[in-house]
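After the structure tokens below, expect a handful of questions from me.
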Amino acid sequence: MVQKLKIAAAGLGRMGARHAINFLHRTPRAELVAAFTPDLKELAWAKITLEPHGVKLYTDYDEMIKQEGLQAVVIATATSVHAEEAIKAMHQGLHVLCEKPLSTSIPVCKQVLDEALKHPHLKVMCGFSRRFDESYRDAWDKMDRGLIGRPTIIRSQTCDKHDPSGFFVEYAAWSGGVFVDMSVHDIDLALWFLGDDIQVKSVSAYGVRAVQPELAKYNDYDNAMGIVEFWNGRVANFYCSRMMAHGQEDVTEIIGTEGKLTVNGNPQKNFVNHYGPQGVTREVPAHYYGRFEQAFVAEANDFAAACLDNTALPLKLRNAVKAVEIGALLQEALVQGVQIRLNEAGQRVAEASVSKL
Amino acid sequence: MVQKLKIAAAGLGRMGARHAINFLHRTPRAELVAAFTPDLKELAWAKITLEPHGVKLYTDYDEMIKQEGLQAVVIATATSVHAEEAIKAMHQGLHVLCEKPLSTSIPVCKQVLDEALKHPHLKVMCGFSRRFDESYRDAWDKMDRGLIGRPTIIRSQTCDKHDPSGFFVEYAAWSGGVFVDMSVHDIDLALWFLGDDIQVKSVSAYGVRAVQPELAKYNDYDNAMGIVEFWNGRVANFYCSRMMAHGQEDVTEIIGTEGKLTVNGNPQKNFVNHYGPQGVTREVPAHYYGRFEQAFVAEANDFAAACLDNTALPLKLRNAVKAVEIGALLQEALVQGVQIRLNEAGQRVAEASVSKL
Amino acid sequence: MVQKLKIAAAGLGRMGARHAINFLHRTPRAELVAAFTPDLKELAWAKITLEPHGVKLYTDYDEMIKQEGLQAVVIATATSVHAEEAIKAMHQGLHVLCEKPLSTSIPVCKQVLDEALKHPHLKVMCGFSRRFDESYRDAWDKMDRGLIGRPTIIRSQTCDKHDPSGFFVEYAAWSGGVFVDMSVHDIDLALWFLGDDIQVKSVSAYGVRAVQPELAKYNDYDNAMGIVEFWNGRVANFYCSRMMAHGQEDVTEIIGTEGKLTVNGNPQKNFVNHYGPQGVTREVPAHYYGRFEQAFVAEANDFAAACLDNTALPLKLRNAVKAVEIGALLQEALVQGVQIRLNEAGQRVAEASVSKL
Amino acid sequence: MVQKLKIAAAGLGRMGARHAINFLHRTPRAELVAAFTPDLKELAWAKITLEPHGVKLYTDYDEMIKQEGLQAVVIATATSVHAEEAIKAMHQGLHVLCEKPLSTSIPVCKQVLDEALKHPHLKVMCGFSRRFDESYRDAWDKMDRGLIGRPTIIRSQTCDKHDPSGFFVEYAAWSGGVFVDMSVHDIDLALWFLGDDIQVKSVSAYGVRAVQPELAKYNDYDNAMGIVEFWNGRVANFYCSRMMAHGQEDVTEIIGTEGKLTVNGNPQKNFVNHYGPQGVTREVPAHYYGRFEQAFVAEANDFAAACLDNTALPLKLRNAVKAVEIGALLQEALVQGVQIRLNEAGQRVAEASVSKL
């Protein structure tokens, strides 16, 4: 019989449930054998949806990761416990696929990274779904084949459909801020397309509270824009927003010396156009999962393959840390209203030296 | 434990292998338990790909369908044996999902239909994949909600990327002709969008042999166009081609009294655009599976659900017969160079009565 | 001083007024010196709009064309007098730009053509505006450069925004029918792209009265579709409609053995897209002039240049006749419900010989 | 006879020649009566092209503006003499349409503005062509009708096709820098869409020299990006580039609290798409005039109308100065590598106070 990766799911909230289902039904080389949630509603869902397929359910994470034969865990609990759970899993000798971010705290991110370095035989990955998206992969291949010359500028945005319930106000209390929470995807794309050895030279950022003024209490914004200049003559321009009326719009442009690639330039839910008195209309996905569902499926499959075959993961854990670091710089530039400058060694350059002009 | 539909795959050619994989890995409520192929290469593939997952392999169809516990079969063998195998499966009390067409012979199609009527408890479906495509379903829902008034005209095409190997010349020997082989999908869409009770009033068709003159030996064409007028004041315009330089282009327009819906109006492989000296370019899927893969997955899942829950299938078997009938009328009009007219009872009106003008 | 073509405008209705303004203000090498209309409202408009620019106004066509120094006339009166006025103008030694069609009667069209043959020094052109459109010209050049191999199939449509006033019912009394009135543009494109020496082999056509049943009294339709097969292995598929909810949609596809060109595949009023809760919407031009205004300006300028420089016109008068002939064949096939067949000499083949099958 | 605005053209270079032709042939209410150029080649062109139409030619600007009956002048000479010529024209009582920018020096810009204030009966306009473009006007109207709620963010770019001749290196010596030369259009759009009373709060900018390193000698860049934060909670993000492989791409997005408008989101030369082995390709205009030609024609006509009817110009002269001021702030932030901050009175806030963090 075929050998399958025995994996457990930690956290069965919105994203956790999707990971569980993907490993259960859409990852031929994996077998979901366990799931953990401290939430009773989620547990009830799991009893109906997962248990009949032979998935053992737990309300205690520590107990679950000791299940005999378990080889890996996918972590999609609250961000605040991602790091701790990842480290415990590594201690148990488990491969780890962790929802982004590892943590909103850079030192905590680094603890996970340090722990992973001690277990070189384990696959530890922080899931940046766009790396597994067919369109992004095709764009990367085209760039890699030289189609646009030397990639120089990246413009990338993560823009959510406006949720007027105000849910994201409270969420801002612990999300790390919009740049860490949302733009981290775009920053990861910058590392992927411009090279993960790029070093930040300067960061500026601006934001507005256009639809949710209460975000002020958490020093956060509903729209933010920032520019990151790198030391090798490359620039990234990011935009994140929670205010889109039309749906999810995640657009990326990679501009090279001899051409340009765009991904998602024309957001669309499907291939239908409606022609009526208003003109021609197409719909837009309401949420990121409407756009990236197949990328999450590919992520699960690629992770399983890397664990079983002991092959390289398509993205490095230290980049996940670097993406959060850059996100945090943007967030600081945004909140403090300053331009942050770093030398080539990555150290802060005193503002005073800048302002002597 | 969850009850799963035990299904067997007959035929492991290009499409058969896809069905087998879809039922094996992408249909949570089904379990692929058996597969049949008379072809040694396909068998070798199955030994590697299917057998390790517990799928029993057969080189004899009759033997396979007797496997204990088997509940259903998906048939993707050569068209010439579809009908016979479907009927045998029904005799064994198996649900049947048969690749289109049931047969290129209308009497044979009707035998399958007659047999199915004798087994009302069995689900027997001829797979028209577009019925399971999210975009077509969305378009249908929009039409059903009245968004375009009364649907009146459908224009639909099935256009393949040109395969210069000439493969399709020999294929034409037994394909039933381009309208039966290719446009049958579009005809099925006409039945779906205009109503499956529509009756043909008149048929005209024209073709050219632009890239493959050898098709003449089988009286077939590499491009064909036809118009079908129905008795209720509706019209369908079909186009099929094997000559596309750019890839697969299957476009459908449904034109109503108050609006229009298009599906696939702008064919695209993914969400990437390349801007270069040539302008702005996007790629197009090379084959129908590049466009409709998820529709085939949905088909497998919906079929499994209908079998297990004894719910209605999303498409009626008699429509599959009707689609072939209309395809055959188009093919006849094409080959004979005549306009074919039918009365409301579906009987041919003598050509002579037409030409008295 | 620069020599300018002294031109008169006959007819100041919707299109006539546009021609007058175009020759007055947007044709540097022409000078509008006279205008004729029998309509008092149009005359009042001309007194305000044309007369102050030195344009002499007439209520008698015969008188106008005798104006001293006059060199040309643009005819945009009622279709019924186009031919007579064109012939009179030629008798006066005037170049003629005549709105399409010359006549809805083929014998009358031929009279104009015969007359023109007697005046080889005069430029006589029937205005098919799409021949002067930058996009159609670009598509033609691309085809001519071999970009799509051998052009084989043309699909072309002229679809108007639905005018619920019912104006076009009475208009149908003398328009010659939808194929002559509307599709004549698309037929002309077929002659341009497939070669004006192509000979009709067979014609079929179908129509519906979906929004204006009263068209029955004039044997006309609000939607019609037809296929014309030519003797050199090429096919044209036409569609015309007066039912579009979204605006004017004139789309053309030229399909060759190695590629395809589309013109207007995505109708758009301008370069604005509105993203809102409905999705992404762009508007569509309400009328053909919204799409083709610059083509009419180019037509005026090209006509003036040909007259002044005695160079060839970009389209031949006999093609204007041929386009009406094909339109009339389509209309006959539509109204009589028959397939019309012609031999290579252009003679009707008896229907009986077709139906011997 | 109709009264026409008697206008002279100063400068007959690329843009000057276009203005001259537009006023000569495409502005019904204007009459080009004079033209000036110190350049012999341009003069030779004018003798052939303008003089035969009764346009008097001059090699001395001062002499030309004294021509009897002259009412207005369109200035398209070198930027360095725009201001002086505009002031001289006002002294002669002439209306002035001046190509952008008035000057790359803000004090000089202000001199023109001051002079114009002394001649309130004269129409003095600095031509920002996008204000006259049908699509931008439609977008503005849609915004003004409330279609996108409160406009909050504008993203706008001016991106030129790469000219490998290096012409723009020497041009950079006196262009004022990319933000003043190119982004000034986008800044003007920001003033138009966000309100011309907005006050700059903070400016950051970054650039690269990706294809033309020699720009370093003039402290300029071939790609630059900047963000301008305004005091009323609005933000603008600009991008300018001289590196596009595909052609001119001037895109603008106006993002509001309830929707978004885009202009030129999908750059296209015309309505042709070519389907071939590469996929589907459309071309892009090579230069801004390919996109904005009709806007320049509208500008000429609107200017003539405002002069003759003494109606308000569609854009205020002081905004032209303000746009250059903001462009200069961006250029300074770019070249100095600093974030510039202003208080609500428009005064610089000391950098030191920022860096106390």
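Each chain gets a letter, A, B, C and D, in the order it is written, and its residues are counted from 1.
Definition applied: a contact is a pair of C-beta atoms (placed from the backbone, for glycine too) under 8 Å apart; a residue touches a chain by one contact, two chains touch by 3 or more.
Protein names from UniProt, one per chain: A, B, C, D = NAD(P)-binding protein.
None of these values were measured; they are calculated from a predicted model.
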{"item": "Chain pair with the higher count of C-beta pairs in contact (A-D, A-C)", "value": "A-D"}
{"item": "Relative to chain D, chain with the most remote C-alpha centre", "value": "B"}
{"item": "Mean-CA-position distance for chain D and chain A (Å)", "value": "41"}
{"item": "Intercentroid distance (Cα basis), chain C paired with chain A, Å", "value": "57"}
{"item": "Chain A, residues touching no fewer than two other chains", "value": "148, 244-246, 258-260, 265-266, 269, 275-277"}
{"item": "Complex contacts: residues of chain B adjacent to chain A", "value": "1-2, 24-26, 28, 52-54, 134-135, 138-139, 142, 147-148, 258-266, 269-277, 294"}
{"item": "Chain B - residues contacting chain D, complex", "value": "244-247, 249, 266-269, 275-284"}
{"item": "Chain D - residues contacting chain A, complex", "value": "148-150, 152-153, 155, 202, 204, 206-211, 223, 225-227, 229, 233-235, 237, 239, 241, 243-246, 255, 257-260, 265-266, 336-339, 341, 350-352, 354-355, 357"}
